[in-house]
Amino acid sequence: MPEMHRTKQARDRYNVLWEWANPVKFMWFSGLALPWLVGATVVTMAVGLVWGFFFTPEAVNFGSSVKIIYVHVPSAMMAISAWFMMLVASLIWLIRRHHVSALAAKAAAPVGTVMTIIALITGAIWGEPMWGTYWAWDPRLTSFLILFLFYLGYMALWGAIEDPDTAADLTSVLAVVGSVFAFLSRYAVNFWNQGLHQGATLSLDKDENIANVYWIPLLFAMAGFGLLFVALVFVRTRTEIRKRRTHALELRERMADA
Amino acid sequence: MIALLARDLRLAFRAGGGFGLGLAFFLIVSVLVPFGVGPEAEVLARIAPGILWVGALLACLLSLDRIFQLDFEDGSLDLLATAPIPMEGTVAVKALAHWITTGLPLVLAAPVFGALMSLDERGYWWIFVTLLIGTPALSMIGAFGAALTVGLKRGGLLLSLLVLPLYIPTLIFGAEAATRGIGGFDNATPLLMLAGITAASVALLPFAASAALRINLR
Amino acid sequence: MLELAVDDLTVSRGGVPVLERLSFRLGGGEVLVLRGPNGSGKTTLLRTLAGLQPPMAGRISLPPEAIAYGAHADGLKATLTVAENLAFWARIHGTREIEPALDDFNLQSLRNRAAQNLSAGQKRRLGLARLLVTGRPIWLLDEPTVSLDQASVTLFADAVRAHVAAGGAALIATHIDLRLEAGIFDVGPFKADPDAPARTPSPFDEAFA
């Protein structure tokens, strides 16, 4: 008996979680949260970027060019996170059929694409003084280029299909299969060219390589980019929900005329 | 399912055009590249595995949209969907038919084109082996892309945009295995990865592709 | 017992319900003719019954692998001959015999002609002959008499009669009188009411209620 009770409780909590996927709840919650979210984004980004750009000492070896990490690293992080979020949202749509989930995945794609572009461009700008070239087929850079191609394909598929549920289904299937291949590509590219990033002084995997003076503003910048992503996805998802509602009304009107 | 394979092959032979088109494209690529990079044998031999792999990949891409499009347009796909063979089987058979009509001729012809690119005997062998192992994955991945875009009016360009990124790992491991083999190095790792991609694609992608087809038939 | 049973079925096109709360039965030996104006959802209903698209609500019960679907498109391959086209579908469905089907639809003299050289009516006859080689008991036919002449319509009606006499069933969307012993099912009254969102809730209506 106690066993049963516990599972029921667990299921209740689980259901409460899913309720946020309901458009009504989502519109209500996101509407309420957005002003705070935007405020927090502005504050953390301002702190991170201003601190990072103007109040960190210039590194001995790299000069001021190193400060681009305050844009490069967070955008690269969000480029990958956005794809991961799209994968999860796609799976939720395929399994649970929550419309908000599919629309959130759609909303995240352009944001993720822009993050990828920012990461690539800042990488190129940074690469010039560091390696003497704007572009090198370094595994990490190459992986981001491939990720960019995956984003393009995903968005093109959304754009090409008229029926919104069909588009949601097909893009979700593509996101799942694409993720597997994107992952494979990452390993293939690593195998293909052992590159410049490896063992670099600024590798974030080992935090002893980066001094606290640089690290703390970087944390702010990363949090700021993360919040920016969430805020943009919220706004875009709200727009998508409104668009779907308009579309449904139009269809109904046409049906009434028929 | 054998009936379906036989029909698809017979259709490909009767239509004639589509069958040799990939091969002709492959030939043109192998002829054009030396014009672009110059006739030095060492240079050509060095880039040959990559060029031949990219050429094979693009030749494969040319005929992908035909895998499901014709059957979709004339209603056969609807009827196949209600037939007793599972959709996954239909997808797998159609990918196999695509491989036999496009991939296999490329594999067989690759050594000849290798000669154009100044490869030696070892080169012929490794191009042949890596393409033989890798092209089934190209057909299967392509069938998945074709299933995604089958309902679209101008699906051809989108199909390329969707499929080419998915081809990257196959291309990397295939070309790498060929290059290492030709150079006399150990290429067991890329060869195994290539075989793994083919095996996994053939085993799993029919499910994803048939899901996409069912969604498109709705 | 062969029976197609439909209970409270709602079918949708592009996420919008077109016919709702349909219920009917179709047993062995019966023919049911679907009536309704163009665009009323007959094709959508037939595709849903054939399993090509999921129902929006309600239940469809039928024996497994019982459906032979005859759509607007005949699924013919232009470069294959009449006999080859038919033999292909026979093999797909695990039957061998195509001769009776060729006889019934008067296609024997055309058997070696490529499908691309057939007239529209001849193509249609070949498409209908396909139903016979499927060996499936329930035929779902969407405007089967399009481009058929009077003699061919009679051939078709005879084929349906023979199929039903052998215990089969047919659901036919058509506007012409086939002179069959058939029930009539008018889909008109089941047209989904576009102004009743409460009955067919879409998640996007709730959001703005």
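A, B and C label the chains in the order they appear, each numbered from 1.
One rule holds for everything that comes next: a residue touches a chain if its C-beta (ideal position, glycine included) is under 8 Å from a C-beta of that chain, and two chains touch if they have at least 3 such contacts.
Treat the numbers as computed from the prediction; the structure is a model and nothing was measured.
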Chain closest to the middle, measuring from C-alpha centroids that were averaged per chain:
B
Relative to chain C, which chain's C-alpha centre is the most remote?
A
State the pair with the higher C-beta contact count; candidates are B-C and A-C.
B-C
Distance-wise, how many Å sit between the C-alpha centres of chain A and chain B, to the nearest whole number?
32
Roughly how far is chain B from chain C, going centre to centre by Cα mean, in whole Å?
37
Would you mind pulling out the distance in Å between where the CA atoms of chain A average out and where those of chain C do?
47
Where chain C touches two or more other chains at once, by residue number:
none
For chain B, jot down the residues that touch at least 2 other chains.
218
Note: in the complex, chain C contacts chain A through residues 14-16, 18, 39, 192, 194-195, 197, 202-209
Once bound in the complex, which stretches of chain C touch chain B?
47, 50-54, 65, 67-69, 71-77, 79-80, 84, 88-89, 91-94, 130, 134
Complex contact set, residues of chain B against chain A:
141, 144, 148-149, 151-152, 154-155, 158, 161-162, 164-166, 168-169, 172-173, 176, 189-190, 193, 197, 205, 208, 211-212, 215-216, 218
Interface residues, chain A side, partner chain B - complex
146, 149-150, 152-153, 156-157, 160-161, 166, 169-170, 173-174, 176-178, 181-182, 184-185, 187-189, 191-192
Listed in rising order, chain B residues that touch chain C in their complex are 2-4, 7, 10-11, 14-15, 71, 73-76, 78-85, 217-218
